[in-house]
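Supplied in structure tokens, the structure appears directly below.
Each chain gets a letter, A, B, C and D, in the order it is written, and its residues are counted from 1.
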Amino acid sequence: MEAFSDGVFAIAITLLILTVTPPTHGELAHELLRLWPSYVAYAVSFLTIGIIWVNHHSIFRLFAGVDRTMLFLNVFFLMVVAFIPFPTEVVADNVRDPGSRKAAALLYGCNMILLAIGFVVLWTYGSGRLLREDSDRREVAGITRSFIPGIPVYTFGTLLAFVSPIASLIVFAALAGFYVLSSSLFARRIV
Amino acid sequence: MEAFSDGVFAIAITLLILTVTPPTHGELAHELLRLWPSYVAYAVSFLTIGIIWVNHHSIFRLFAGVDRTMLFLNVFFLMVVAFIPFPTEVVADNVRDPGSRKAAALLYGCNMILLAIGFVVLWTYGSGRLLREDSDRREVAGITRSFIPGIPVYTFGTLLAFVSPIASLIVFAALAGFYVLSSSLFARRIV
Amino acid sequence: MEAFSDGVFAIAITLLILTVTPPTHGELAHELLRLWPSYVAYAVSFLTIGIIWVNHHSIFRLFAGVDRTMLFLNVFFLMVVAFIPFPTEVVADNVRDPGSRKAAALLYGCNMILLAIGFVVLWTYGSGRLLREDSDRREVAGITRSFIPGIPVYTFGTLLAFVSPIASLIVFAALAGFYVLSSSLFARRIV
Amino acid sequence: MEAFSDGVFAIAITLLILTVTPPTHGELAHELLRLWPSYVAYAVSFLTIGIIWVNHHSIFRLFAGVDRTMLFLNVFFLMVVAFIPFPTEVVADNVRDPGSRKAAALLYGCNMILLAIGFVVLWTYGSGRLLREDSDRREVAGITRSFIPGIPVYTFGTLLAFVSPIASLIVFAALAGFYVLSSSLFARRIV
């Protein structure tokens, strides 16, 4: 199952480049610079899938095996991950348009909330039934704690789009950056 | 061969997102909501490929090895699986159009019937020649029985499109949901 | 290296579905039937990549390892394999147009000739330097012999396009079918 | 991590074919020949990703393991690799247009500079902290030396675009060819 999940992560992350469409008219240098929202959206979604991949491994490493229920919970989770290129493209295409960017930010935010819920569901089911016998209770409790802020934080970022879509998108980018930094600096364990 | 098949499943399932095309004009929130058939079609086909992946593993786990005939039977099977994004997009684009949705439902249904036939062919050939010596006769008989309804049920769903294309599409969605539920609830064995 | 090659085969074979473009106007049932060249081209190229995958494994299984020269010969080979979706789409889009189909058949044929050359290069280099010590001389000679017809046969099929592009395309489809049948029927060894 | 990276390399390299768009009007033979910049760009970027893949393995083979910092450095590196199809398409579409090709060459060059920087970062971090205990000091020093020219050479090639975009693109193609030749001829070690 890890191989299949890894495949989906690797494909979804690489398909993100298809959300950056080469300009077909206008002065090229100018058009390439105008595409900056696509580059930023590409980078943020790339980091997000990268983080998901690292976390997914971290939790499945602690399970002794998977049952069929977990297989299908994981398929639902991957369905949300593989969806990411769509809101990424919608945000990149609409962030410059004041009339559209609220809807775009809400769409992106809903995808992020579903991801956060997905992680909680995978972990709640898996940590309740599938843990290895020798698993470290403190590590398990630490992971449980680390998943607590995800849903409220992404819900806050999403609701923020009603006030300021730009602020909402900055929150999503900042969260991706924060997760990368905190993981890299505070969890240097050799894996 | 499992690695190659897993790769094709993972790619086909992730390519499904390309069937959901971002709107390029109109009021964005409205256009995103109007895309609901694309979201539903994405989810149903995603679950369908997820189920195929789980079942494919279940049956190949029982084979001692594969011969060249099986390799090519599997290539034909993967050809049908990798085709799924095409009818998925056709259904999503046409479900709202009363003049087109019959053809779309028939196309989707034919793909599903070919999948059901593919499974029966793989299993009939493999269970006749390639079974492990220690394989459990009861499990083998159980799998054979579980494949019996597939072809008639999908044929019924497809023919239903002549009467009501919408009913036909609901049957395909319900079958995907039913397989996920029945697998998750009744076959909790650790794998 | 096998994993990377398998990945490229699996992705190239699955990307073929992107060469089948859903119709966007006209009466849907009629337009779906009119797409038959896309379905045939999809199937022929799918089988072709499937055969390449099986043969690639068959020859690398006999090598004790790979050196850097082989790594890059293999990259060139994969470059030709990953190109297949392009001529596939060109053939499907132009087979109905008498003024275009010669160029399309020549393009497809050139891709096939390069594949045949690629196999000869990989095998000539590898069988000269990298064979396992315990490799069966008869099997090695058999593979060498089986690669002899490839280049002339595909060159013939390609040149045939100058006389009859349709005949040329039928030859390519027949060759794919022939390789599948001959492999399946005459080489049933368990792998 | 190697499996995930391999997946991204394999997908990015295979997606390159999507940068070669089949002609939709005009005389087909003529249009296919006019696409030569797309074929060249495809080949150069394919070789470039092939070289990256070989080098990535060469350096990670020397590490005893990876920590979280390395995981995320690698995610940033893959972000740059998976970006390659975009400048590839931009270069292919604009190389014939004297008013656009400077911007296209600069874009491609910036991607190459980021790749060269990425390799230096991965290697500097990894060789400082993660080396196997039994690693060969001479091999390590050799790799360090081999990475020294990358950044200045690609920076030179990129700046050259201000004088002659065509010369700049020729440099990028020549560098890909040079790396393949030098690796194949001078490093024949069995891997």
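Following the convention adopted for this analysis, a residue touches a chain if its C-beta (ideal position, glycine included) is under 8 Å from a C-beta of that chain, and two chains touch if they have at least 3 such contacts.
The structure presented is a predicted model; accordingly, all values stated were derived computationally and were not measured.
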item	value
Classification of the subunit A:subunit D interface as same or different, half of numbers criterion	different
Furthest chain, CA centroid comparison against subunit B	D
Where subunit B and subunit D are represented by their mean Cα positions, the distance between them in whole Å	37
Interchain centroid distance [CA atoms averaged], subunit B/subunit C, Å	26
Contacts with two or more other chains, residues of subunit A listed in rising order	3, 7, 11, 15, 18
Subunit B-facing residues of subunit A, complex	3-4, 7-8, 11-12, 15, 18, 64-69, 71-72, 75, 78-79, 82-83, 85-86, 89-90, 93-94, 97, 99-100, 102-104, 106-107, 130
Subunit B partner contacts - residues on subunit C that touch it in the complex	3, 6-7, 9-11, 13-18, 20, 22-24, 27-29, 32, 42-43, 46-47, 50, 53-54, 180, 183-185, 187-191
